[in-house]
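I've put the structures underneath this note.
First subunit A sits with subunit B, and in the next complex the same chain sits with subunit C.
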Partner chain A sequence: MNSYLASILIFTGINLISVLGMFLLMGLTGLLSFGQVGFMAIGAYVTAISYMRFGLPFGAGLLLGVGVSLLVGLVIGTVTLKLRNDYFALATYGFAEVIKNVLIYFSGYTGGSMGVFGIPAIVTLPMVIVIFLAALVLCRNFKVSKLGRNSLAIRNDELAAKVMGINTFKQKLLVFLFSAVFGSVAGSLLAFSTYYIEPNMFNWSKSVELIVIVFFGGINSLTGVVFAGMALTLLPEILHFGAEWRMVIYTAIIIVTMIYRPTGLFGRWELSLSQILGWIKGRRKSAVGRGGQGA
Partner chain B sequence: MKEQPKTLLQMNNVTMRFGGVVAVNGVNINLSEGRLAGIIGPNGAGKTTVFNLISGVYDPVEGDIRFRDQVISGKSPSEITHLGIARTFQNIRLFKGLNVFDNVKMATNCRTEYSFMEGVLGLPRVWRQEKESAAEVERYLELVGLLGYENTWPENLAYGLQRKLELARALATKPALLLLDEPAAGLNPTEIRELMDIIRRIHKELDMTILLIEHHMDMVMDICEELWVMNFGKVIANGDPEHIQREPEVLRAYLGS
Partner chain C sequence: MLVQQIINGLSLGSVYALMAVGFALVFSILKFSNFSHGSVIMLSAYLGLWFSNRFDVGLFPTLLVCMIGGGTIAVIIEKIGFKPIRDKNGPLIYLFVSSIAISMFLQYLMTALLGGRFFMYRPLLKSSSWRFAGITIPIVNLAMLAASIVALVFLLYVLYRTTIGIAIRAAATDLSTPNLLGININMLISITFFISGALAGIAGLFLGMSLNVYPQLGGLVLKAFVATVVGGLGSLGGAVIAAFLLGLLETMITAYIGGAVTPMVSFTVMILFLLFKPEGVAGLLGLSSGSATQKL
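Moving on, here comes the complex of A and B:
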């Protein structure tokens, strides 16, 4: 495969992994978070520094990144998830900014605003695809089990959810941590596919991108966010949009979606295996039917 | 000789204030196990607030509430639900993002045992329990007459059916005590008769203690074995329906004489 195409696909896959985390948090649970990019930064830097400085293998560094993200997530989540949802959104924005400033400040380890250079490109397209598919399966399991129902109930009416027996704080915290894992893994993969990382890669605009994807794809449709994630990551790459145009386009997408499809492009619609099998069967049948008529 | 029934719910001198408004003022309620009882009273009397206090939505500023001799005032709503109290809401609060089936199924969640990790990994225990819950949901939907509506979105249901769905959802937590806040509000006479039959069936077949708030006097007088009458945050009378109907204070509160 053409290496330019491969690198775009790798980037898209990594983005999708992070988006899946956002889908659980923002789509299903209704928690708008600007913090996902912070966990991506943690994953990226922990993995890169432990590899470059301490010779830790990539896989171990990735797991270490997840561990650090979980710890940080536990602290942030415990403090902020008792707040009202709008304050939570603000607090996560602050968290991501703090992470960025920490990266710039502790330049002895992080290279400051210059970042970390010379990270080997260990990440391959098959690796990204396998991790993405695993993440997709976890998300699907989440959605169809009691976890998904609990989250949707919380998103729709938190008080009623509590009264129906859900420990809403615990559920929110678990989802927040789980989505942080997705972000962290995506960050680790990103670091080892781009040769260098710098604090500016983990800007608030990256969070906005993730949010727009979930919003556009459908806050209740896994199929929708995967589709939107692919479209909104691939298209700008292929069409070579500049960063400034991206924000304009994101804004336009949000406004148009809000006016015409407030539940997102796909709403609640999900593509299921049985549907796909149904289509294939239906096609075969009609093909056979046509063949029969012709004969 | 009949055995003295056990007390299931006890409110001792419970008071609740909102700013300057004393919504509930020194209320004492002693509800025996197995009763089908009611709270009546004019609008703003504090009935819904009593339910909010029992279900843990608010903590009383004075007094305590006991359920099976355990103090529940101060516990969170979800803890109280786990202990065995469920309720419906006067202003229907169904989950719009979940279909009829899942609205009821989510209420069985408080009894499923699998953990977060088991859930995301989709382990066999998850599927076993999901299947058991699904069978239960069908039973509750049948009981309230909502079979066939599984895939409908709650906002697309007729008003009367939404009330029934709230009822099925509360039942699905398998409570020992069921609190119904004006279950007949907004229903037509046929629907009210149907609802009364359902409530009687729940009381008998599922062996639940039921406390309901109601405006329709004939309904209350017909199905309740015991009543509390509230006015201005206070309980002004307590007893069986015939007794209540003759209380001068009740007549004053209702007829304004």
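Moving on, here comes the complex of A and C:
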């Protein structure tokens, strides 16, 4: 496989991991957050700095990033998750901006607006695929478990969910922390596949990109979100859009989706493993059948 | 020096107040945070720039064009981006997401079309600053302050002394009852968007004159949002007071501490208000307002 294709696939995989975090938060629980990119920044910087400055191995740095993200997420979540949804969205925007400003301001460690240079490209495609699949399985199990149903109840009607005995604050905090971990891991992987990181890579428009993907794929469909993530990350790479037009098209897509198909492209449809196995079996059977007729 | 900063702060606050009132008006009726308000501000600034250069006119004709243009843009945005969702009784969060998508779409569209560069207004006012007893104040700030106050007083008149104003206030309490009483609710929403857009037009012109015109100009709507939140949800009086306070606070911090920390401080103030005084300035002063911890 040539390295250009591999790097695109790595980038897509990393994007999908952060998209999955956003799916848990927004698709399942209905919490709109612009702060996802803040956790990506934390993951990226913590891992990069601990590797470059303190010689911590990549894996340990990644876990350290997750730890820091969890701590920060706990504080931010506790403070903001009791607010109305649109205020929560804004507070998370503020969080992402503060993180970015902190990165620029404390330039002694972070390199300021220049960022961190010379990060080795440790991340390989198989590594990204394994982590992505693990994240996917985690998400899928989350969705079909009691936790997922609690989240759906909160998204559809928070008051009703409370009445049914769900501790909505605790549940929302849990999902928020989950998504923080996803974001942080994606950030760490990103840092070790792009050679350098700088604060402007973690603009809030990145969070918007994730939100667009989740809405486009369908807030009820994990399959849809993964497909949308692949399509919207790969297409611009293949078609070589300029960065500006890419965002114009992205946002136009979400406006049209919101108006004409608010449930997203895939609606509620999910692809399951048994379905795939069923198809394969079915095809084999019909192939055998046809073969039999021919003979 | 201090007097000068206070006046500059008040004029900045007055533009924030214009934005915040437009923002709060839409919020009071449709109960969602309309982020496309920022793109109305940005597009009006471009419109005013184009108009004043093309026809070589002064401040007042440009102001008029910005108001009408801003109002029209806001109505178009409502018809394209919000009405289809309202018609389907979509959840409020869809309106919110749609408004963000629209504002980003317009911002990136302008970037793609004209590039990210800054455009400067040619001087629309005769002199650039006003000196008095040792203090120097940019004339544009004074014009900003004057125009904003006139617009706000006029808005108060419309809201409290005209039939349309009464209908808007009725719709703010409950959207369906005025409909039952024979008020054309879609018309009323369009009028509200027009008023809010016209205020955004004034804000856009003055922001463009003092900060230059660029695609991210609409991002300043966040200040309006902060003012609306600190003012108390949907309370116009609270939003105006909070906007002036925010303008003063930002000017003081920029003058005496440094511009780098200004956004952090205003966000911190907002979050503190959300946590400890969700009903905002309006709640402190006993004006009517909603609650920040309500369900969206």
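Here are some notes:
What we mean here is this: the second predicted complex is superposed on the first by the 291 of 295 C-alpha atoms of A that agree within 3 Å, B and C clash if a C-alpha of one lies under 4 Å from a C-alpha of the other, contacts with A are read in each partner's own complex, and residues count from 1 in each chain.
The working rule: a residue touches a chain if its C-beta (ideal position, glycine included) is under 8 Å from a C-beta of that chain, and two chains touch if they have at least 3 such contacts.
Quick caveat, the model's predicted, so the values are computed rather than measured.
Looking at the shared chain after the overlay, A:174 reaches subunit B, while subunit C stays out of its contact range. Touching more residues of subunit A than its counterpart among subunit B and subunit C is C.
Contact with subunit B, but none with subunit C, is seen for A:138 once the two complexes are overlaid on the shared chain. By the touch criterion defined above, A:254 reaches subunit C but does not reach subunit B. By the touch criterion defined above, A:146 reaches subunit B but does not reach subunit C.
Of the two partner chains placed around the shared chain by superposition, subunit B and subunit C are both touched by A:159. Contacts of A:220 after superposition on the shared chain: subunit B is touched, whereas subunit C is not. The residues of subunit A shared by its contacts with subunit B and with subunit C are 159.
Interface residues of subunit A facing subunit C in the complex, by the touch rule stated above, are 30, 32, 79-80, 82-87, 89-91, 93-94, 97-98, 101, 105, 158-159, 205, 208, 211-212, 215, 242, 244-245, 247-248, 251-252, 254-255, 258-260, 262. Remark: subunit A residues 137-138, 141-142, 145-147, 149-150, 152-153, 155-157, 159-168, 174, 178, 220, 268 touch subunit B in the complex. Against subunit A, the residues of subunit C that register as touching in their complex are 32-33, 80-81, 84-85, 88, 90, 92-94, 96-98, 100-102, 104-105, 108-109, 111-112, 222, 225, 229, 260, 263-264, 267, 270-271, 274-275, 292-296. Those residues of subunit B whose C-beta lies close enough to touch subunit A in the complex are 55-57, 76-78, 81-82, 86-87, 89, 93-98, 102, 105-107, 109-110, 112, 114, 116, 119-122, 126, 130, 133, 169, 173.
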